[in-house]
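Below is one structure, written out as structure tokens, with a few remarks after it.
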Amino acid sequence: MKRLHVLLPMLLLLCVLLPVSAQGNKAEISDEVVLTMGSWRTDDVEQMNRLLNAYKKLAPKVTIKFQPTNPPDYNATLRLQLDSGTGPDLMYARSYAAGQELYNAGYFADCTDIPGLMENFSASNLAPWQMSDGTMFAVPFAAVSHAVYYNKDIFKKEGLSIPENWEAFLSLCDTLEKKGYTPLANGLADEWDILETFFFGLLPNYIGGADMRVKYESGELPLNDRNFVEAYQAMADVAQYCPDGFESVTYNDSQVLFNSQKAVMFVDGSWTAGVYKDAPFDWGLFAIPAPKGKSTAICFHPDMAITMNTATKHPEEARAFLAWLCSEEGATTASQNLPSGYFPMIKFPIKLEDPHANEFLSLNAGRKTDARFVWPKLMNLYAPMNQAVIKVMKGDISAKQAADSVQALM
Amino acid sequence: MRGSLRKENRHIFSHIVLLLWTFVVLFPIWVLVINSFKTRLTIYENPFWIPKTWEFSNYTTVLRDGDFFTYFKNSFFVVSISLVLVTLLASLAGYALARYKSRIGTIIYYFFIAGMMIPIKIASIKLLEIMRALGLLNTIYALPPIYVAMGLPVGVFILTTFIRELPEDLYEAAIIDGASSGKIYSMIILPLIRPALATTAIYNLIPFWNDLWFPLIFINDERHKTLLLGVTRLFGQYQTDWSKVLAVLTLSAIPVLVLYLAMSSQFIKGVTAGSVKG
Amino acid sequence: MRIKHSRHFPWLLYLAPALLVYTVFMAFPLIDSLRLSLFSGNNQVTRVFVGLDNFKRLFTDPEISTRYWGAFFNTWKFFFVHFIVQNGLGIFFAVLLTQETMKGRQIYQTIIFIPTTFAVLITGYLWKLMLNPVWAGDFLVSIGLPFLKHPYLGDTNTALWAVSLVSCWQWLGIPTMMFVAALRNINVELLEAARLEGAGSVKTFWYIKLPLIKPIVGIVAVLTFVNNFNAFDIVFAMENVNGAPEYSTDLIGTLFYRYGIAGQHPIGIPDAGLGAAIATITFLLLMVLVIPTLRQTQRGA
């Protein structure tokens, strides 16, 4: 009669025991060490596995597992895992503030004394992963660049040439539009791309390289001076050459527009170079040109580094791997396995095989370079600047208003 | 007279309305299915019409790729065990809350209801710590306890309401017959609330099957990934192969639909057993 | 007559398994996390008790409060669209689908339910494709509807409506299913009696069916309310976590995720205290509005 009254406590017990009994087979008794590596680069599983296999030949007892998380969720998941003590042993580190925060929270290990690190990287390449007291919290891994992708076939067919300055660029867009092409593939829907690739890509042309950026950071120059207003105005001027309905064109849409020859040019980062390797047309790159009277500078941005978790159970092995990345041999192997459009940051002269990658690097020759403007010190202005650029391009506000709105937050 | 009745039974207006909605539903599904047979780029040549060349490789690579079967199995295991437990525990609790008329009962009822109102994501860190303490990290066993807990508030809410709506004389008759509360639950309540059990199960099925968040933070091990987590490896930082994603997700929607059909047949059974109210 | 079950024991036994699982894996972690609304800092090392400072920041900090109120009103709009379109259509379709003599009811009901089975990722991608003038423009022109060509998701005036309607499209299956189940449970003799009395279908619906399914209407209303105040995925899939364009689709759910879980792109430093404060306020608001609704519609609640 009271069967159910017996059954219920048993059910209760089951609820408790099921999870507990499910564990088991955890301990592996062997001297093999397995390290996990967290990353936001889901695209690079193949390349990273090649790299890690090369390392395995040197350290046969150490297996490093590459476990990337899809990028929109990377920050959130990594943070949760670190907070709860379940983070990976090795992981990609973002540059500047995002990385510094995780070092301050005690999750990134001090990498300063890893052999080769301080000697084999230039001061400017170390800086993005350095605390103000000089402590390094990661080993620099790769940088990215920004430029204008253009469809060489269409340029040839229409008898067009690479513009010398910004004014020529605008008239080039005008010519293309009159001939019935969509001049530029860029859109606003995803928000980050218009800011990071286009606005930060052209900003060094207007304000100069790193030495000038510092003056803005310190407040010596205001963020609504003539240079900035001109830069916002440049964004307003190109809006009409973006696709119809560019307000809802996503980054993926932009890539497809360029790749399917519906748009002739695309201002984008070097990381996309690999996307167009099978494109049925010839394409090339040119630097976003500076306006008349100014010199063209390049946004060459330190993007990723690798670091280790302070809580790793195998610090020796993790350090050894990082040290290998700082050696000439390790860096060369790593660079050969970087996806195209990612550039090694180590001092040794490393030859890249991909012609487009070399084309990107050649744009740097004789020019000033700098990271994306807000990254080093002004990251809190990222969102306001992003909104300002979007509003200017939609024609909601003037370039002056855009610059003022950001300066107001300084 | 007979003629007018037949006309009434044709329900022309209803059919027109429902056919309109059918179009609103099926057009996007048409877009989904045809584009899953294209390539990353050809989707955009003409997104609304059949591909020039049918690309079956999206499906064949998914089906050949053994991992997706593992993911599928994992999802299926996690979802089915969670659903069984949610409906069972929630129906027991709902029965008690409907019949247990006291202050404590009311408090417990609102304690459950409160759980619907806070996004569980906020508790992620604590849940990670609990799962680590239980040694369940990196295994699919970490998921059912959370899903059951997540499903209980809604389950208790729906089932309590349904059981409360059952007529009082049902119990009186049973108690006069000398039935224990356990017997009333299993012999009288359970058969009567089948439609509500099915509702609860279907309502929870969707978020369990399509949950990405908890697998994402709990599971790194390939062998323990769920289907949706597996799909995310098709997402790159800057580019996504949408034709493949569409193919996988088309496949992943099918089991949910089958389960829905299986469970919604409970409604029809429920009618014959449950026309007690009035 | 009311039967007294004076003993607490068996009832508590029935409740125990559910209570145990719910308390350990949900209630306790939730309460522990809401506690963080009184602290600043993100981990045990840097955590400091700050009293109600996070709540004060939420309503007085110019940047944060602008975002919060923006999201707050967007969420209400989002909710009303669901309440009217999703639940209205749901009850309308349910009435049509419970006409005993109609053919193909099961098929229609399944079709209505299909979108509900999709991962939000798919829904978002599909509708982004269909609402995008770059890809759908030529198609609209070719079927003679060029005036429909518009960047719906990029225009601050239309984006929230578009996202809300897509979400209704997806979730319509749930209220329809619940209303169908409830309407099926109504005694057929009662409806027959009403028909013989000469009541038309509108009258029957309003005076007989609706009052009888009131508890279900209450459930659906509460679930719609609660879910929409925590909604997040559809905006994430169709726009981005900022509620683009220009925060016009920012909901409490996305705001909470941005501040409390992921942090603002691209730094990604979450503010756990602020996130918990947002969740606490939402929780209180929902409780205040849900309890009276339950009292109104549920017997004995």
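Per-chain numbering from 1; labels A, B and C assigned in written order.
Methods note: a residue touches a chain if its C-beta (ideal position, glycine included) is under 8 Å from a C-beta of that chain, and two chains touch if they have at least 3 such contacts.
Quantities reported herein were computed from a predicted structural model and do not represent experimental measurements.
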- [ ] Between the chains shown, work out who touches whom and classify the graph as line, ring, star, complete or other.
- [x] complete
- [ ] Tally the contacting C-beta pairs at the A-B interface and at the B-C interface, and name the larger one.
- [x] B-C
- [ ] Provide the C-alpha centroid distance between chain A and chain B, rounded to the nearest whole angstrom.
- [x] 38
Open item on the list: Can you compute the centre-to-centre distance for chain B and chain C, using the mean CA position of each chain? Integer Å is fine.
Closed with: 15
Task: Per-residue multi-chain contacts in chain B, two or more chains - done: 43-44, 85, 89, 92, 124-125, 145, 181-182, 185, 212, 242
- [ ] Could you list the positions in chain A whose residues touch two or more of the other chains?
- [x] 5, 8, 11, 15, 73, 83, 253
- [ ] Spell out, as numbers or ranges, the residues of chain C touching 2 or more other chains.
- [x] 10, 14, 17, 21, 135, 261
TODO: Can you check the complex and tell me which residues of chain C touch chain A?
DONE: 10, 13-14, 16-17, 20-21, 42-43, 45-46, 128, 131-135, 137, 149-155, 236, 239-242, 244-246, 261-270
Open item on the list: List the residues on chain B that touch chain A in their complex, please.
Closed with: 40-41, 43-45, 85, 88-89, 92, 124-125, 128-129, 132, 134-137, 139, 141-142, 144-145, 180-183, 185-186, 212, 216-217, 220, 232-233, 235-240, 242
Task: chain C to chain B touching residues, read off their complex - done: 1-3, 5, 8, 10-12, 14-15, 17-19, 21-22, 24-30, 32-34, 89, 92-93, 96-97, 99, 101-102, 104, 108-122, 125-127, 129-130, 135-136, 139, 169, 174, 177-178, 180-181, 184-190, 212, 215-216, 218-219, 222-223, 226, 229-230, 232, 253, 256-257, 260-261, 275-276, 279, 282-283, 286-287, 290-291, 294, 298-301
Task: chain A to chain C touching residues, read off their complex - done: 5, 8-9, 11-12, 15-16, 72-76, 79, 83, 94, 97-98, 101, 104-106, 188-192, 196, 243-250, 253, 257, 379, 382-383, 387, 390-391
TODO: Using the touch rule from the top, collect the residues of chain A that touch chain B in their complex.
DONE: 1-5, 7-8, 11, 15, 18-20, 22-23, 26, 36, 40-43, 45, 67-71, 73, 77, 80-81, 83-86, 88, 251-253, 255-256, 259-260, 269, 271-272, 275
